[in-house]
Structure formats: C-alpha cells, structure tokens
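Both complexes shown next keep subunit A, but they swap its partner, so subunit B is in the first and subunit C is in the second.
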Partner chain A sequence: MSGEHLDEELRDVFQEITNVAMGRAADLLARLLNNYVVLPIPVVNLMERAELNMALTSLEEFESVSAVCQGFVGSRIAGEALLIFNDTSFQDIAELTNFAGDITPQIELELLMDIANILIGACLKGLAEQLDVSFSQGQPVILGQHLALNDLVSGKAGRWTRALTIEIPYRLEGRNVDCDLLLLFTEDSLKVLEDKVSFMLE
Partner chain B sequence: MSIPVLICDDSSFARKQVQRALPKGWDVEVTFAGNGEEGLTAIRDGKGDVVFLDLTMPVMDGFQMLEVVKQEDLPAMVIVISGDIQPEAMERVKRLGALDFIKKPVDPDRLKQVLAEFGIYAE
Partner chain C sequence: MSASRDDNLTEFHWLLEVLQTIDVGMLVVDLEFKVIAWNGFMENHSGIAPQDALGRHLFDVFPDIPQDWFEHKSRTVIQLKNRAFTTWEQRPYVFKFKNNRPITGTSEYMYQNCTFIPVTNTQGEVENLCVIVYDVTDVAVSKQELQKANVQLKELSRLDRLTELFNRGYWEEQLSQEFMRQQRSGNATSLVMFDIDHFKKVNDEHGHPAGDEVIRMVARVVRETIRASDIPGRYGGEEFAVILPDTQPEDAMQLAERLREHVEAQVVKTQGEDIQVTISLGVSGWNSGFSEYSEWIDSADQALYQSKQGGRNLVTLA
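Coming up: the complex of A and B.
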C-alpha cells in the first residue's frame, strides 16, 4: 500500500468490515431515537490532508456544522474519529429525543456528545473486533459549533498529512438529519491494517 | 442435480465469506452478483433458486430487489445476509418475502440452521 492508490482488494475489505461495524452503531442510534437509520455505502480512500474536504461528500462546503473528534490508538494502529453534524439536524434530533425546551448551543452540544459517544464507540468496537485488535479511545474534543465546513476542515483536524479515510454518511429516514462519521487512520497504521486484513483474506 | 445458488453482495470479500460459509458437501452451483439488478437477471436465468442477499448495495439495493422478486413472484427463496441489524430492517425484509435474516459477518452454523429450518438443506 505504498503507492498513491489504495489496492482494490483492501478497499473492498475495509468497506465490508466498516459496513458491519456501522450497522451495529446504526442499530444503537435507531434504538435511542426510535427512528430507522438509512445505512450508506461507506467510502474508503487514501487521502492527503488537502483533499480532506473532498472526503466529506455528503455535506456542502458552506453549510454550518458542529463537530466532535476523538482519537483512538491500540495494536500499533492510531487514528481519529470525526463526527460532523449539519446544524439543521438538531431540531429533529431534539424532537426524536422528546426534548421540549429551547435548543440552546449547550443543548446542541449535549446531543452532539451523546450521539458521538454511541456512533464512534460502536463503530470502533465493531472494526476492532473484526480486525482482532483493541483500541483505547481518548477524550472527545469539541472541534466547534456553527462553523463553516471549510473552516473546520482547514482548521483543527489533527496533525497529519496523509491518511486512510472512511466516510460514513448516516441519514435518518424521514428526517432532516445529516451526520458524517469520518474515520482517519494514520499513514503509519496502514501497514498494520494491511497485515490484519490479509489474515481475513486467507 | 445441483441447486442453483446466487450470492448477491457488492463486496467480493463478503461474497467469498458467504461462499465459504455454505455447508460442506451441499451440492450447489454458485453464481455471484454485485447488485440487485444483476441479481434479478441471474434469478430470471434460473441461477437463483436459493439467494443470499445483502441489503446495502449500489445501483439497486436488497430491499428494492426483494420488492421486484415479490411483485413478479420470481421463483427464488431469499435469505438476507446483512450488516443492517436494526429490527426495522429485519421486519421489512420479512414483509418483502425474505425467508430469514442472518447478520454479518456470517456464521456458518447459523446459515446451516436457517437452511435446515426451511428444508433447503439437511445433513
């Protein structure tokens, strides 16, 4: 995997194990919100930092978003999970969680953190199980609220240059909720991931 | 005569996983399809008496394919194998005529049990 492009077979396996992991995460979210979660086809890529905005295909460049990131590390694999919400989503999420009061930035933050905990935790656990590794998660960090997506991407998304990216654009059926879970694996992790995956291909 | 079995999944890795999970010694002729449209073509060609179907696929997903199978009353016994483990997804596919639902990654024992339950395969 030292070349510019991701090997097609590896991409396929990453996509499939992500499919399983995100399905488990979606099941938990669906139970929390009592609403069917439409499962997307995850997008797997090898990406330069400058291209990161292109990884976020389901969100518009100038949309107002809020985001949380959480680092993870273990078994010589390291990366970051980024959960990005379109700010128009919070009204619907508040309704689904039967929240009746005003949706203040503080409330939005709580909803964002609740959902980040569920989706990031379950996804990472699902991936780790299948790869037969274990990850420890760092503290979640708020990257910002009500930012333009462009500012978010160019600003604070970690110190990396090139990464394996997995984008999971979740949608709630019949609801105006857009949220993108982006998993970034550091370049150094790729070799380890490749080894783990080759076991699965045997 | 071998039973025509269709494995319909967009991932070649997943297709191989399902193929490997089939009971040893089951006399089948396996065909692969990468999406619902290809799957329907194979079924119409008589290559899918038993179908193992993924849900999340490009072009035509598993739900859409099940709808067509049901509408046109195509001769296929469909077992869904999917990562979409929401209870709602399981109910939907059963309403659309799927025999049963197996969660991914597929467990060979579970697969055998489902086949036995519907009298498709017995040891």
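Coming up: the complex of A and C.
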C-alpha cells in the first residue's frame, strides 16, 4: 500500500470487514430505534486531505449538519470516527426514541450523542474483533451543531496528508434519517492494517 | 502455591490502590442501580462516606442525578453491550460536584465528561455498569469564554465606533437581506434616509469635537425613537439610514416626522454656544420595480434631496 492507490485486493478486504462491522452497528441501531435500517454500502478509499470534501458526496444535499468526532487508538492503529448528521433527521429520530415535547438544541445534542455512541462504538468493536486488536476510544468531541458541510471539514487544522477512509452512509427505511459515518485511519496505521488483513488475502 | 497467592494479593492490593487514588471518578452500580463500588475521587468530591453510599440506591445517594435520563443511557449500554459517552456540552455534569478549584475557579460546579461501560461477568453477561467521570472544567470554561469573546468581537465588527449604530457595511448587508426577503414575501417595508442640515457649518464654527457630539445626539434620538425591529445604521459622515421591516410608507412617514421633531427639539451643550440642528429626510417604500437594493437607496436618497431642495428640516416620500 506504499503506492498512491489502494490495492484492489486490499480494498475488497476492507470492504468486507467493514460490511460485517457496520452490519452489527446497524443491528444495534435498529434495535434501539425499533426501525429497519437500510444496510449501506461502505466506500473504501485512500484519500488525500483535499479529497475529504469529495468523500462526503452523498451528503451534498444536506444544507445544515451536526457532527461528532471521536479518536481511537490501539495496536499501533490510530484514527478518528466522524459522524455527520443531517439536521433534518432530528424530528424523526426524536419520534423513534419517544422524545416528547420541543426539540431544543439540547435535545438534538442528546440524540446525536445517542446515535454516535451506538454507530461508532459498534463499528469500531466489529472492526477490532476482526482485526484481533482492541481500541481505546477517546472522549467524543462535538464539532458543531447546525453547520454548513463546508465549515465542518475545511479549515480544520491537522497535519495529516493521506488517510484510509471508510465511508458508511446510514439510512432508515421509511424515515427521513440520514447520517454518514466516516472512519479515517492515519497513514502510519496503513502498514499495520495491511499486515493484519494479509492473512485474509491468502 | 502460597507464595503465588501472596503475589496475587500484592498485585490486587496495588491495583486497588491505583484505582482508589487516580484523579478520575469511578463508580460501579448493579442492574438495580445500587452502588457497589467507587473510588477516592467520588468519595472526596461528593463528601459522602463510603458506608452511606455502598449498597444504597444511586439516586438516593446522588439525588441531583436526573433519574430518567440516567436510566435511559444505562439501558442502552446494558442491552446493547456498548459503551456510551456523554459530554459536558450535552449535560454540564452528571454528579453535582463543586469546582475542583474553589478559590480561583470561575465556575461553581465541576464540568464532567462521562463514559458508561458495561461490565460483563465470566459468561459474558452484563452484570454491572461502570461510570467513569472526567473533570473537564478548565476546557469547558475556556471554550465558553472563547465563544463569548467571539460573539462580542462579531458585535463590535458590526458597530460604528462613534454612534454605536450599525456601521455601513453591516447595515447594507441587512438591507440586502431584507431586500431578498421582500422579493419573496412582498410585504410592505420602508427605508428612511436622512442627513444633518448644514453639518459642515457646525464643524467649522464649533470644531470637530462639537460636531461629534451632534452626531452622537442624533444617533441617540434615532435609538430612542425607532422600534426594536427597526434596523438603524450610520450610512456616512452625517448621513443615517433606518430599515423599517413590515411598515407601510405612510407609517414610515410618521416615524420620520417624529425623528425630525425630536432632533429639532434637542440642544447640544458645548463649552461655547449651545448648538441646535435639523435633519432632512427621505422615505421610500419597497416596490417590486426595484431589481437591486441600491435602487431602493437611490429612491430614498432622491426624496432626501427633495427635502433639501424644499428648504431642509422636511420629510419627503419618494
């Protein structure tokens, strides 16, 4: 994976283990919300920093978003999970979780954190188990509420140049709920990841 | 055999010692929310003796915890065997502890991030729930101060220093937005522009500090006369402008007339003579013929010019 592009075989492996992990996350979400979750197709890419915006193509129609990010690290693999939530989704999520009354920004934050806890937690757990590693999760950070998508990703400081990104767009059947889970692995982690999955290639 | 048991005991002892002393809160409850373990952080910050907490119901030990919320979070963690995180932004604190720095700290209570962890037994079933509590007061306070400072900066960048009315840049932004809203809704909205008559003479005869006093007086009259929903700005040196949303031109004329009378009645006291000034005003209602907001300004400006031509201290409707 030292080259510019992601090896096709490796991409397939990552896609496969992501499928398993996010399936579990979707199952938990479905149980929490008591609503069928459309199984998404994950998109795996090796991405330059400038391309992160493009990774969010499926969210282009979102006018205003709220987002949470959470770092994870373990077995020399490090990265960040980024959950981007379309603000129009809150009404339906509130109904599904039986929140009565007005949806204040405070309630939205509660809902956002509930969903983030489940999707990020379950996805990371699923990935870690398959890779036979264990991750420590840092405290999640609210990147912002009611932002334009561009404000979210552009201008954020950081030194990374390339990252392995796994994008998982979640949808709820029959509901207006859209959120995107992005798992970003640092460049340093790529070699370790490659070693960990190499046995699956044989 | 017995040597190894001693080793185990020793290890267990120092592990407990570390848990007890670590500067992070740790609390374990069973599935009925009875407290079964906690560490020194929880004991010291709560001021509750272990015998008053252990074995008792969590919500009796800490009556400030919102029970519904806590049970809801815990249920998800237990059922889904999945960690949950809460941040101070979501809820400033779960356990109502005093600030760690009672003397120099600025907030009364400790801001907390918490992690809810399902604790499984040897069969892999969740038997207990562990809550880890982090003191994030410093981070929370500085983030809030930063946000406050940013809001203040934003406000400052919108204001004109001398009059504390909106400056021209921000006022025009507002007009442009109001203009776009008009094109959609088409409600009546009016614009008043005015300037101080013979202002150059005031400066020449009484000096610039007196001129500034006059401008400040006019700004004060504007603030006292308009309604809360109106948007006043200092358009130029001695020129002012007010946007009157949802206002018919006839009503705007009345307000303009009041402005004229109030300014005329003011006396600005200086070290030399007292100064009295008048203003000339132009009023223009929005109409669908305008294609840009600058045409609206031009229209009000034309009316203002007519007031000047008509002898000043007048209001003209475009």
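Going forward, the second predicted complex is superposed on the first by the 195 of 202 C-alpha atoms of A that agree within 3 Å, B and C clash if a C-alpha of one lies under 4 Å from a C-alpha of the other, contacts with A are read in each partner's own complex, and residues count from 1 in each chain.
Everything below uses one rule, namely that a residue touches a chain if its C-beta (ideal position, glycine included) is under 8 Å from a C-beta of that chain, and two chains touch if they have at least 3 such contacts.
Being a predicted model, the structure only gives us computed values, none of them experimental.
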**Three-chain arrangement built on subunit A, subunit B and subunit C clash or fit** = fit
**Message:** I'd like to know which partner A:Pro140 touches here: subunit B for first, subunit C for second, both or neither.
**Reply:** second
**Message:** For the superposed arrangement, I'd like the angle with vertex at the C-alpha centre of subunit A and ends at subunit B and subunit C, nearest 10 degrees.
**Reply:** 150
**Prompt:** So, does A:Ala148 touch the first partner subunit B, the second partner subunit C, both, or neither?
**Reply:** neither
**Message:** With both complexes superposed on chain A, which partner does A:Leu109 reach: first (subunit B), second (subunit C), both or neither?
**Reply:** second
**Asked** Is A:Leu32 contacted by the first partner subunit B, the second partner subunit C, both or neither?
**Response** second
**Message:** In the overlaid three-chain picture, which partner chain does A:Gln15 touch, first (subunit B) or second (subunit C), both, or neither?
**Reply:** first
**Asked** Taking the superposition as given, does A:Gln70 touch the first partner, subunit B, the second, subunit C, both, or neither?
**Response** second
**Prompt:** With the two structures laid over each other on chain A, which partner does A:Asn117 touch: subunit B (first), subunit C (second), both, or neither?
**Reply:** second
**Asked** Tell me, in angstrom, the smallest C-alpha to C-alpha distance between subunit B and subunit C in the overlaid model?
**Response** 13
**Asked** What part of subunit A is in contact with subunit C in the complex they form?
**Response** 28, 31-32, 70, 106, 109-110, 113-114, 116-118, 121-122, 125, 137, 139-142
**Prompt:** Where on subunit B does subunit A make contact in their complex?
**Reply:** 10-14, 55-58, 82-86, 88-89, 103-105
**subunit A contact footprint on subunit C (complex, rising order)** = 76, 79-80, 82-87, 89-90, 113, 115, 134, 136
**Fill in**
Note: in the complex, subunit A contacts subunit B through residues 9, 12-13, 15-16, 19-24, 26-27, 30, 36-37, 39-41, 130, 200-201
